[in-house]
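Next up: some structures, all given as structure tokens.
You will see chain A twice below: alongside chain B first, and alongside chain C after that.
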Partner chain A sequence: MKKLSYISARQLFTMLIVFRIVIIMTINSILMGGNRLLDNLMSCAIAFTLNFVLVLPIYFLNRRSPRTNILEKSYDLFGPFGAGISMFYALYFIFVDCYYLSFFHIFTVNVLDPYIPFWLIAVSVMAVAVYGAFQGIEALARTALLILVVILTGMLFLFITVIPRINLNNLYPLWVDGTDQMWTGVLQVLGRSTCFPIMAMLLPQVSGRKKLGFLLWNLILYLFMAIGIFVLVSSLGSYVDTQLFPFFSLASIAGVRPFQRMDAIFIGVWLSGLFLKIATDLYLVTQCCIKVFGQRSRKISTLAGAVLIAGGSVLISSNRQWYQQLFSLKLTLPLTITAALALPIVMLMVDLIKYRKGKRQNAKQAVQNDSA
Partner chain B sequence: MTVLRIVGITIVAVIVLLAAGARNYTELHERLIIRGIGIDRTEQGYKVSLHALKTTEENTTELFTTEGESVYDALENLGLMTDKVPLYSHSFLVVVGREAAEHSLNDVLDFFIRYQETRPTESLFLANDTAGELFAHQKDGQYDLTRDISDTAAGRQNHSQLVQTELLDVVNAMFQNSNAVHLPVLNVSDGSIMEYGTGLFENDTLIDFLDLNQTRGLSAALGKIQGGTEVVKGPDELPVTLQYSKCSPHIKAEIQDGKPRFTLTVDCKANLSQTSTSVTQPLDKEAFEQLEQALSEKLRGQIEHALRWAVIENHCDVFGFSGALLRQQTDYWRAHQDTWINEMAEADYLIAVNTTIALEGKETSPKPFSVW
Partner chain C sequence: MTQENPRLSPSLLENLIDLQKEFDGSMDFVVREFTITGTDAALLTIDGMVNKQVVSESIMNPILSAAVMDLEPEQKMRYLRDNILSAVEQVQLVSKDAVISRLMNGFAVLAIDQCSYMLAFGVQGFQHRSISEPSSEVMQRGSREGFVEPMLVNISMIRRRMKTPKLKFEPMVIGEESQTNICLCYLRDTVSPELLRLLKKNLASIKIRTVLAAGYLTPFLEKPSIFNGIGLSERPDTVCGKINEGRVAILIDGTPNALIVPFLFVENFQSFDDYATRPFYATMIRWLKYLSFFISIFLPGMYVASATFHPEFLPQSLLQKIAQAESQTPFSIFMEAVVLHILYEIMREAGLRVPRPLSHAVSIVGALVIGDAAVSSGLVGAPTLMVIALTATASYVTPNLYAPVSLLRFLFIILGGTVGVWGMMLGFGLVLINLCVESIYKVPFSAPVSPFHWNSMRDVLVRAGWRTLAKKTDQVQNMPGSDLTQRGGSDGTQNPGS
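And now, the complex of A and B:
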């Protein structure tokens, strides 16, 4: 049997911070539900609180079986039908990576010059991600720390250089046009909460203070998002609503002599985070396939996952309607809620029922033995 | 594994070398580095005048003019005149001709908001006549608009009769839906390119102008004065020259008798530059108060004049009263935002200017302090 790799809680949550920052950097007024981006400050606060509820099923599952991940648990509970759950998670991670990669495609098409063919980007990112996935979760976790340092330094530099452009007159009261945008923002944040399924997969391989790690992860992310939104609105004003990638526009105006035009930082941060996210998901896709098809499928499943992600993204990028479906909450929200909340709740309940049933049967058995 | 790595690295290297960015790399001498763009309306569409840096000689500028049905079409037709590849990321100013501004500012600016290379921090100006005239203007055998404006743009905060306006400001003003768009106007006069005043817009159409004195009032009310001189009557009716240092405005919005009442307070700092009194007859310390009061009165008059012309006569909220209403009287704003353009002339406006003379130079007159 293959020895299980272990990572620390600090490493896990470092990875999860990188994944979330990459997706936070793609927020814009369209996705967040309207022209009052400041209302999404409250979305951050609500999502921050909801995360403590969302994590409960995964937490209790992990507490009941600390060294069993959600895939093994599904086999324990449903027998061969557990393969269905494994395949669902594999496809979910492939879907999430198509989402991330397609977003990068929109960026390259609309903002980057000169134009680079998307298949080339997809193949290049996949080549690096496959290499990362082959190296295993420990190597990825160590890389995450380096990438996080680069990302945080870059973003801090960006925020500092944009301070001279902050104009408080660009701010406005919350909920001027009602609370719709705030709730759309909450749903958008939840729909993009792809970190919970990763936790469900990796928590048994994690040692250390998980609760503290989760608390800090949640806090850092939503502070980052709230500060980001505040800086975007206060420095760009309503101009933010005209931009597909407001963080990139922010980077393009940031500058304190002699440091001007910080767009390169933005692209560097995004690409490094994208690589880590796809590599980790490929590793998890591989774990799902190993669970179903055995150890021999390890390499082939990683490669197949990469081909599906690259092919899927290229295919989606060729059709505007597919794009709209991919980024629509109608698709992302149910899938993420199923992967992060519904399946863990179902498994937790089945586990509890089976446990009680077993306990009752044991008691009955004990009574029968006594009477015998 | 080593063979796999070598093969992998070779594949990645080949991909990178064949990438579009590397293959289609454009040398600097093949670039047309655009410094400024002027846009005029023609019968067929738009005429665009461009200043581009000559990359073969130092500090010289070339003028290109091209026409098309839209701004982008005209810029694309630049390819018929030069085989160089235009680079717009170094353009720092856009001048809109009067006819183009009277037609539609939106039509002109969309390219600059949308195109990936342009920056939201480009300075925007309005030509009193045509932008082409300003771009064709020469001084000492060289085109001086981008050269002079580059000085002015860098140090334009020293010109209190030019309201600094960037693309970002104009887009934000457009979103306010209160005719808040305004642009500094340039004019060719006495063989030089001079400030002319400020253009006022109804939606995105030029309707009227503020003169230079009104423009100074507007600059002060927007907090954009950071220089420029003003001569006031000092003691014994002798002229005293003061230099503006900084103006900090604050708008208080209240609702009284069912209509808004705005109190615009401007805290102005100025320095004493020159007096006409004899050095042997120093001014007494009351002179400070007198000078401060004189400057306050003068500036207050300029602000009032600008307010009357822009807000009352032309229904252009260039001072940002609607923003103050939104922030401070949100309920009122919600109920009246659709009719605000018509109602703004009915509101009450109070203007208060407080001037402080911060520096008085090496001279001991007037005395800034006393021994006892």
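And now, the complex of A and C:
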């Protein structure tokens, strides 16, 4: 049997910060539910609180079986039917990566002059991601820290260069048009909470202070998002509501003397996080497939996952209706809630019921033995 | 010390015939035959490997002038060993392989007829280069001594700097034909036993006919990667510093370098001078090295990508200057960068290999042809030339990394020129993963940056003063993520399951 790789809680949550920053950078007014992006500041606060609830089933599941991940647990509880749960998670990660990669395509088509075809970008990203997935979770976790340094340095530089453009007159009172945007924002943020299924998969391989890690992760993430929204609105004004990629627009207008635009930083930050996210998901897809088809499917499942993600994202982004569906809450929210909340809750309950049943049977057995 | 079987024959004639057969009449195998009170004897040497004066004064003269009684051959040998030649370093040999090995290492071997063993005397006296300043690791402050080819001299240079009995030199022989002596050098109480065990196992499993340089061994000691996980140093002081941190040095006879195992990525940016200068200056130099590393890898690629696909990245005034220069040239910026990079590497290689008197001519031709004529004739633009020149200079700031940097620079020029900044970012990702995936003898190559270790940053992000550094030495086996002392997570934390 292959030796299980261990990573620390610090490394896991570093990875998760990178993954979320990549997707936070794609927020815009339309996705967040209207044309008052500032209302989403409260979405951050609500989502921050809700995350503590969302994580509970995974936390308790992990606490009951610290060295068993959700896939193994599903086999323990449901026997061969556990394969269905493994395949669900594999397809979920593939779906998430199609979502991320398609977003990148939309960005290249709408914002930059696409001088190379998207399929080539998709294939290149997947090639690097497959290499990363083959190297295993330890290598990806170590890479995450270096990428986080790149991302934070880039974002810090971006925010600093944009400070002179911040105009507090651009800010407006919250909830003037009601609280719809705020709630849509909350749902959008929750729909994009793809980190919970990753936690469900990886927590048993993690050592160290997980609770503290989660708290810091949650805090850093929503602080970053809140600061991002504040900077976007205060520096871009109403212009922010017309932009498909406000962070890119911000990068385009930012400039210090020698560097007039910071577009490169935006692309660099996004791409470096994107390939790491896809590589990690591919690794997890592989783990799901290994659980179902055995160790021999390792390489083939990674490659198949990569082909599906690349092909899926190219297909989806070539059809307007499809990608509108993909990016809508109707699809992402139920899927994420199922993967992050519903399945862990079901498993936790079944586990509890089985445990109590087993305990009762043991007690009955003990009484019978005593009377005998 | 007594050697193992196959044993020598008691007959001197048989032994000599056997040895002559082995050497097949090689001109440097010298057999000096004589008699000791009626018993046939011979002194065997390899010409050029022994000090002839010592042989004649310390071995032949005492034997020939000694009054040896007419005893049994074994008794005569014992008498010579204990009374006549006792001042010379001696080893008793009982097998042919041992005799050959000693002869090859500059020993003189005395054989007496009807005696079951031979005596080897340490009279090495081959010519070698004297100790001089290392050419590839020049330091402003610190010792001027560099390793030389004979291993014993190198051992003495290390021993002189670390006068502790805990310093151990462990010999090994590698190379089926070359039978090269190598020596593991470590501090007994500092090195990780697991590291030592793995290294010895790796060295013992090496199947190679000849070992003529350190580079022959490194591929057997590490997994293939862009960056080196095995260090190389010409300086005994550097080696002592590394040994002190729990590393193992491998000295190879005939090579003026020591291999250092394991060698982490951040060590490429540390030089001995850093520790001999004041901390604030050393810190600044270290950051300059980091900057130079990034410039030497990314600058040409970024320049090509920006000028070709993303002109918006460049300030308008700079862009105008580049456009003005490039409008005069027939090639694209990408082509110019590739060609200039290749030309530069050719000139560099020529400068290295050409006989020294001609190297000035090569430099002048290089400077004139590439530096001046190419621009004035309008073949290449001055900005491109400047970028390549700056990159080339920057790459010499970290000489250990020259080979990977040179390759990566080329890769990033191609990526930047064909796919733009996206391609470069993906290439960067690939390099990062490659850097992070490597573990050198169970120590992550990217440690202590990732997995991160705050205390180690005193010699990574900054070079702290000796008051701080002297408090605790960071042992390599205690790096975060190391599996040498504990079966830990890759952040150095103990696995709950272990």
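By definition in this document, the second predicted complex is superposed on the first by the 371 of 372 C-alpha atoms of A that agree within 3 Å, B and C clash if a C-alpha of one lies under 4 Å from a C-alpha of the other, contacts with A are read in each partner's own complex, and residues count from 1 in each chain.
Convention: contacts are C-beta pairs under 8 Å (C-beta built on N, C-alpha and C of every residue); 3 or more make two chains touch, one makes a residue touch a chain.
Here the structure is a predicted model, which means the values were calculated and not measured.
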Query - Which of chain B and chain C A:239 touches, first, second, both or neither - result: first
Query - Touched partner set for A:142, first chain B, second chain C, both or neither - result: second
Query raised in the report: In the superposed arrangement, does A:171 touch chain B (first), chain C (second), both or neither?
Result: first
Report task. For A:30, decide between first (touching chain B), second (touching chain C), both and neither. Result -> neither
Query raised in the report: After lining up the shared chain so the two structures overlap, which partner does A:123 touch, if you call chain B first and chain C second: first, second, both or neither?
Result: first
Requested in this report: Figure out whether A:275 sits in contact with chain B (first) or chain C (second), or with both, or with neither.
Outcome: second
Report task. State whether A:160 touches chain B only (first), chain C only (second), both chains, or neither. Result -> neither
Query raised in the report: For A:131, is the partner it touches chain B (first), chain C (second), both, or none of the two (neither)?
Result: both
Requested in this report: Look at A:249 in the shared chain and tell me whether it touches chain B only, chain C only, both, or neither; answer first, second, both or neither.
Outcome: first
Query raised in the report: chain B or chain C: which reaches more residues on chain A?
Result: C
Query raised in the report: Taking the two structures together, which residues of chain A meet both chain B and chain C?
Result: 115-116, 120, 124, 127-128, 131, 252, 261
**Report entry** In the complex with chain B, residue positions of chain A that touch it
**Finding:** 35, 110-117, 120, 123-124, 127-128, 131, 169-173, 176, 236-239, 241-242, 249, 252-253, 261
Requested in this report: Using the touch rule from the top, collect the residues of chain B that touch chain A in their complex.
Outcome: 8, 11-12, 15-16, 19-21, 24, 89, 113, 116-117, 119-121, 168, 171-172, 174-176, 320, 323, 326-327, 330, 333-334
Report summary line: The answer for chain A against chain C in the complex is residues 4-8, 10-11, 66-67, 115-116, 120-121, 124-125, 127-128, 131-132, 135-136, 138-147, 206-208, 252, 257-261, 263-264, 267-268, 271-272, 275-276, 279
Requested in this report: Spell out the residues on chain C that touch chain A in their complex, using ranges where they run on.
Outcome: 306, 309-310, 312-316, 318, 419-423, 425-426, 428-430, 432-433, 435-437, 444, 446, 449-452, 481, 488-497
